[in-house]
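When the chains are written out, they are named A, B, C and D in that same order, and each has its own residue count from 1.
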Amino acid sequence: MKQKLYDTVDAAVGDVPSGARIFFGGFGGAGFPNNLIQALDRQGASELTAITNNCGSGDGELGILFKHGRIRSVIASFPGPHARHFQELYAAGKISLELVPQGILCERIRAAGAGIYGFYAAVGAGTPVADGREERVVGGRRTVFYEPLAAEFAFIKAWKADELGNLIYRKTARNFNPLMAVAAKTTIVEVEEVVPVGSLDPEAIVTPFVFIHRIVRAKGIHNVVKS
Amino acid sequence: MKQKLYDTVDAAVGDVPSGARIFFGGFGGAGFPNNLIQALDRQGASELTAITNNCGSGDGELGILFKHGRIRSVIASFPGPHARHFQELYAAGKISLELVPQGILCERIRAAGAGIYGFYAAVGAGTPVADGREERVVGGRRTVFYEPLAAEFAFIKAWKADELGNLIYRKTARNFNPLMAVAAKTTIVEVEEVVPVGSLDPEAIVTPFVFIHRIVRAKGIHNVVKS
Amino acid sequence: MSSNPKLTREQVAARAALELHNGDCVNLGWGIPNLVSDYVPTGITVYFHSENGILGMGPRARAGEEDYDVVDAMKVPVTVIPGASFFDQGTAHLMSRGGHLDVSMLGGLQVAENGDFANWKIPGAKGSGGIGGAMDIATGARRLIVCMEHVTKEGAPKLVRRCTYPLTALACVHRVVTDLAVVDVTPEGFVLREVAPGWTPQQVQQQTDARLIVRGDVPEIRLAGR
Amino acid sequence: MSSNPKLTREQVAARAALELHNGDCVNLGWGIPNLVSDYVPTGITVYFHSENGILGMGPRARAGEEDYDVVDAMKVPVTVIPGASFFDQGTAHLMSRGGHLDVSMLGGLQVAENGDFANWKIPGAKGSGGIGGAMDIATGARRLIVCMEHVTKEGAPKLVRRCTYPLTALACVHRVVTDLAVVDVTPEGFVLREVAPGWTPQQVQQQTDARLIVRGDVPEIRLAGR
């Protein structure tokens, strides 16, 4: 068995370099790897690219990384009006943003992990999302080409891991986490509980351990957010 | 609640017309909708297109449909040397075959259900699979274009359904079944057991009911096959 | 313009709820659609879909009973009903984009007579804007019902000949329910199906940029409560 | 040609098993690779992947204990070990094609010195043939080891300058373990790493179509049992 357990969140994110491209799981306050995010903030890496659904609420979730100027570039579906620090940087022209439709964001991430070199979807045709993208008419329908979206790191949150890295999630805290897990060079998971190998039901495992590189236990932080 | 329960497998497949395009789940003897297949054979529809991993073993699984000349065309990954009836028809030139790499078969089916209008993969590049297909070099790698694969019907096998159609599978009997469920106009599932709504764990449901149109209870048939 | 009041947001939601049938799987977007779940006709069960991975979403959680791992697309703690399932966000959008939901309802900024739809960006608005799930949901909708005010706060018509705002999706809208009317998108253009109580087709047309096709008598909107 | 025997299929499998490291996720294909699981070095745990949806596959089921819902890619009832998971066939190939497995081992018909690989179709063979999971596995392999006889039954070399059989995948093979040698595919071509006991590099070269690069002394294959 490969040793994947880290003692602290700080150790788990210690080698993330400035300039790294990172997936952050989570949606609507559920399933955010908040302890990893805060450790990354302490660690100080900067010039990061964040691939995420949204950009935090106040100082919560990714907010702290924007507040401290760690992130240079964002690929997101819905940064959000409550992402105050992001919005200030964006208004000041200090941050670049690529908006991606939410389901397409999921598929582009999955494609990167699945050995798919791009795909066509009708989503985005005729909209600003298609600007600069190849289009193709399929069966009379306008479609747009999307390339895969990979990252060096995925920061994800799960409920329980076994010591190998098999994961289960809790309810809607699943969201982007299993998708991002498959598409990063190094996937780091923050979990509420680490259980012995063999104690998770093989049929109920959502993320098989092959996708997981580092595991760290940390008490989950829920920021109660408003949309 | 929409009424999806059928009393008999014969009723569940009663309206499948000749010429229909059908997905058949199952791999290696596990997870084949054998009762539905046998009902379809009794029903007599012919000129069918079968989309499947393999083409039966002797009279088992799809074997009976080939034996009785129901199938005109096959899209498969590995028809199999033990698919005697298929091989005889194939040798006689009475059946057409498109061979598809197994993982690509999965992705083409998923794409059809996911609103994806085709994708590129490195799989098949430089091989006969690429004949007649568009190629594109991505980051120095040769890739091949694959279009989605939809069907009018999916015949699948699950372990338990609730009355809405939420499904769980048993071990490797899962295989192609959840993928095919999402990509057919009419998905018909054969299950060992029908349980009340609310009795399946919401986190353990593999196929949410939105993909399921007809449910029929039938004692599973395992043909013990050799590869 | 009629001297009769326009419908309230709740009344628009109540009218939209009549579009739901027993057993339907339904996505409700932000704005007026989010109110529709309060008006599901009695005697039917509808399964609400949430883009973050729920099919079978129930009412909002009661105060003190919130589970912050069960939230809706507006990030509010909700409940689930028997038969519900949880899945990842990619599967949630496989459902929406792949055409598996029976009905989707979204709030709107503009709907064009060819069914084009804009709901995510007002030109010149400050901030980054955001797309969220709207493009996947609109593009894949088997039946898309837009619920919105008939005109903007400034009085500009929102049912238009051609959208001038950035689009959400092309030719995707089937029906529009507003505070003045129910309008269908057809190959011929907008067809006026119902008008608000006390409003005439002519008065509704005056609030509309595109031509409304009127066929025979146009009934008044029936309002259904619980 | 040497008067010494070639390795048996079991010995080839035993040599191939030395390629495995503790914790590796490994796919074994049909043919000799299927024997490799019997020779995993003691003291390490390897997680076998099966294309039909298992990670953590154990030995074949004992007679009388078969569960026909737990089969391997050869359709034989197997067991699972602690830490195993079940998933659908698409996820299984996401793992293989997406480069998530540490090692894949496949049987082979031809390997070319540029790493091209043929293993699914003999020209002129009767029957439909079939691809199965081989193309996804070979294309996505992080480390692909081909285990096969060095020459065909008719004596034709299987390590060739260019493949003449229909390909499985381009430039995908990293190492070949045969009954005569261990050979690496490098940018310069085939490099001979080990020879069967009693065989010389020259004798192995005589059984090989492509040129074998020899660097210094070439050791004999060590054979490991359990």
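The rule we apply is simple: a residue touches a chain if its C-beta (ideal position, glycine included) is under 8 Å from a C-beta of that chain, and two chains touch if they have at least 3 such contacts.
Values in this document were obtained by computation on a predicted structure and should not be read as measured data.
S.K.: Please tell me whether A-C or B-C has the greater number of C-beta pairs in contact.
M.R.: A-C
S.K.: Centroid of chain A to centroid of chain C, CA atoms only: how many Å?
M.R.: 29
S.K.: Suppose each chain is reduced to the average of its Cα coordinates; what separation in Å results between chain B and chain C?
M.R.: The separation of the two C-alpha centroids amounts to 36 Å.
S.K.: Using CA atom averages as chain centres, what separation in Å is found between chain C and chain D?
M.R.: Chain centres of chain C and chain D, defined by C-alpha means, are spaced 56 Å apart.
S.K.: Please report how many Å separate the Cα centroid of chain A from that of chain B, as a whole number.
M.R.: Chain centroid spacing, chain A to chain B, equals 33 Å.
S.K.: I need the residues of chain C touching at least two other chains; which ones are they?
M.R.: 86-87, 94, 97, 136, 139-140 - these are the residues of chain C that touch more than one other chain.
S.K.: Hey, what residues on chain A touch two or more of the other chains?
M.R.: Within chain A, residues 107, 110, 114-115, 121-123, 170-171, 202-203 contact more than one other chain.
S.K.: Testing understanding: with touching defined as stated, what is the shape of the graph linking the protein chains, line, ring, star, complete or other?
M.R.: other
S.K.: For this structure, give each pair of chains that are touching.
M.R.: By the stated definition, chains touch in these pairs: A-B, A-C, A-D, B-C, B-D.
S.K.: Which part of chain C faces chain A closely enough to touch in the complex?
M.R.: Chain C reaches chain A through residues 30, 50-54, 67-76, 86-90, 92-94, 96-97, 116, 121, 126-136, 139-140, 166-170.
S.K.: Spell out the residues on chain C that touch chain B in their complex, using ranges where they run on.
M.R.: 22-23, 25, 45, 47, 49, 55-56, 80, 82-87, 91, 94-95, 97-101, 136, 139-140
S.K.: Would you tell me which residues of chain A are touching chain B in their complex?
M.R.: 107, 111, 114-123, 136, 138-139, 141, 143, 168-171, 201-204
S.K.: Quick one: in the complex, what on chain B touches chain C?
M.R.: Residues 1-2, 110, 113-115, 162, 164, 166, 182, 197-198, 200, 202-203, 205, 208-211 of chain B touch chain C in their complex.
S.K.: For the complex, which residues does chain B have touching chain D?
M.R.: Touching chain D: residues 27-31, 53-54, 76-81, 86-87, 90-91, 97, 99-104, 106-107, 109-110, 121-129, 142, 170-179, 206, 222, 224-227 of chain B.
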